Amino acid sequence: MEHTGPISVEKPFDIYRTLYRIVNYGGLIAIILWGFAGIEYKGIMQTARGTVEALLRGFVRPDVAYLTTMTIDGLPYAVLETIAIAVAGTFTSGILAIPFALLASQNIVGPHVSKVGKFIVTAIRSFPELILALIFISIVGPGAPAGVLALGIHSIGMLGKLFSESIESMDMGVKEALESCGASPFEVLFRAVIPQVSPELISYTLYRFEINMRAAATLGLVGAGGIGAPLIFAIRTRVWPRAAIIVIVLVVTVTVIDAVSGRIRKRLV
Amino acid sequence: MEQIVVPKKHNLRRNLTILLVAALIIGSARFAGFSIVGTLSGILRGGRLLGRMFLSPAWSYAPRVVDPLVETIRMSVVGTFIGALVAFPVAVLAAENFIRKPLISRPLRFILNIFRTIPAMVLASLFVAVFGTGAFSGVLALAIFTFGLISKLTFESIEAIDYGQVEALMSLGANQINVLRYAIVPQILPQFLSYTLYGFEVNVRAAAVLGYVGAGGIGQVFEQNLSFRRFDRVGVIIILTFFVVLAIDFVSSAIRRRLV
Amino acid sequence: MIRFTDVSKVYPNGVRALTDINLTVEEGEFLAIIGLSGAGKSTLLRLINRLIDTTSGAVEVDGMMVNRATGRQLREARRKIGMIFQGFNIVKRMSVLSNVLSGRVAYHPTWRTVLGLFPEPDKQIAYRALQRVDILEKVHARASELSGGQQQRVAIARALAQEPRVMLADEPVASLDPITTVQVMDYLRQINVEDGITTVANLHHVDLALKYATRVVGIRAGRIVYDVPIKGLDRPQFFRDMEQVYGRPIHHDEVLGEA
């Protein structure tokens, strides 16, 4: 019998699915509304317009003289110091992350210990580097070494996690082969595990270096060395041509480092 | 038995690389004035201070930390929301496999890259100078920072989609809006949400320190107590912030695992 | 000499891999272990160098109770036992030489081997091992540049560098094509015959066992169900007997022929 009228298809009504959706979407919207409710909009300051104009003028006519000041007070020195902090901090964390990563790798220490290791790594990651920088400033005094330490410790969090992921996905046959030769755990580590995962480890470390360049640029804001200190000073004293040149140089430096590091990473893996 | 003589291996390139990298690292450490001895002696000297922060924190101060902490989370929520909202359309325009207009995607990518090079703290300091202190400046900084982060990750995801679905729709005579709605959005939505949550995690950590330059949140309280050298209170702030960030990380990454 | 006495192995998840294994492998024998996948062949092999612990019973290699050896003792026991694997298990990112020198690690303190400071005599041993398997010209190549058959030869050289008394081979040719299969098996036999190294090999192909081994042991569901010397073997009878190992007889046209 040919059916000619409109075909109606019942859509089954699943109460749990509907509720689940309401809770999810409703919850999300509620959280966003809750967020907005707490942000006080005080209105743009009277001076904002003038400030923006001055700021833009600064970008049009940046303080080039600062860029060519080759003394310790010049911009080149601050840039170099920023890079140095990032390099030293990244290297420190790259080395320190290895034992943490091993501790977090299930195929090295077993399921129970690795859970603890993973928690430690996550915990380290949750500590903002700026707070670490402030703590280290109170310990070793203001300056670049505090910045190096802050980056060195904070980056363990991310690197430890990434390292342990690549250790967990490595070929375990090689470990077995080394053990069959009578290798000790350290020999297995240095002659089987690390040689296998080293390109990934180096690649992740370079990636972290790119992130640390940005972080190092802000450390100076709290007195831990680098380009951040003259920048915050220029902004607070509203010397816009100088703030502008620092921002421009920062953007260029970070872009160049990203490009170089990205190219090396592509060749590595 | 006679000796087997094997030609020497030429690894000049490798050795040079190692030498160069080592020089860079050692040079950097020296330039930054970083020394292991100095650090260790510093830690010995500074140990007392750490004790004041973490062994006898002023727990009575805790209730006064709650409001700024809540404000920090609110800033992150709003900043992430705005950033993600703007990031989506921009990512669609910046993806080279969809719009296919290099005149749009190239400059857009260039601008996105610039956004990503400026740290949130620097943005926040600039906004504080323009809009005054408070959470609003912080939200703006976070929104722009999140925007840069999420749009880059998202346009990379769009470029990696299964293009067969797009072609299938085009063969049906679909226009670009249809393609977007029925081929691209369904494929990248879980990833986009995952990136947004990731952005949120990053933002919570960033928001916790933005106050240091006056952009609202817990960082402001932190800065005040630090300048008054109330290390017992600083300890409370650090410990509470740490647990809040940790909790948010755990919840958010659990959701992310279910998404993708 | 390798001796299993009443050996059983139960994995932590409750799987019974081996039951009441009693087996003696004499000095210089080439023992082939055959059986279905999952019958317990790999487990049996790994009990010999304690890559896996026994649940009960004793495993003795050259007078040493391997199943009880730990630490220093185990290191010394293992260095006398070379092993090669189906997946070659060499570090592809290291040079051939470094891989072979890994066979020498148990002869030196850890700090030396970790730094890669192997004395000249060790290098000579490594070169000689590579010469044995005709791959010395690749000594400085990266292992990843080699073909599968060449990688397995590097793995054999690594085992040889241990100056072993026993050679274990876990499906050594399962990932290789027929021609390289013959090459690798020929090297294993040559080492067995010339150096008198006791060899125990898990083999998937019955005809490889017939061609290379001096004795065939069949395992089924964790028990030894078949054990005969190859010398004077009645082949038709052998294929009929394979029913005990594989659950059904093997027809002559099912084997690879002269591999």
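Letters A, B and C name the chains as they come in the text, with residue numbers starting at 1 for each one.
The criterion applied here is as follows: a residue touches a chain if its C-beta (ideal position, glycine included) is under 8 Å from a C-beta of that chain, and two chains touch if they have at least 3 such contacts.
All of these numbers come straight from a predicted model, not from anything done at the bench.
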Margin query: So, comparing C-alpha centroids, which chain is the farthest one from chain C?
Written below: B
Notebook entry, point to check: By number of C-beta pairs in contact, which two chains lead?
Noted result: A-B
Margin query: Mean of the CA atoms for each chain, then the mean for all of them together: which chain is nearest?
Written below: A
Check: When the centre of a chain is set as the mean of its C-alpha atoms, what distance in Å lies between chain B and chain C?
Finding: 51
Notebook entry, point to check: Just curious, how far off is chain C from chain A if you go by their C-alpha centres, in Å?
Noted result: 47
Check: What whole-number Å value describes the gap between the mean CA coordinates of chain A and chain B?
Finding: 5
Next item on the list: Could you please specify the touching residues of chain C with respect to chain A in the complex?
Entry: 49, 51, 74-79, 81-83, 85, 87-94, 98, 102-103, 105-106, 110, 113-114, 155, 158-159, 162, 168
Note to self: For the complex, give me every residue of chain C touching chain B.
What the structure shows: 95, 97, 124, 127-128, 131, 136, 139-140
Item checked: Interface residues, chain A side, partner chain B - complex -> 31-32, 34-42, 44-45, 48, 51-52, 55, 80-81, 83-85, 87-88, 91, 122-123, 125-128, 130-131, 134-135, 138-141, 143-145, 147-149, 214-215, 217-218, 221-222, 225, 228, 231-232, 235-236, 238, 243, 247, 250-251, 254-255, 258
Item checked: Residues of chain A that touch chain C when the two form their complex -> 171, 173-174, 176-184, 186-187, 190-192, 195-196, 198-199
Notebook entry, point to check: For chain B, which residues count as touching chain A in their complex?
Noted result: 24-25, 27-29, 31-35, 38-39, 42-43, 45-46, 49-50, 53, 70-71, 73-78, 81, 113-114, 117-122, 125-126, 129-132, 134-136, 139, 205-206, 208-209, 212-213, 222, 226, 231, 238, 241-242, 245-246, 249-250
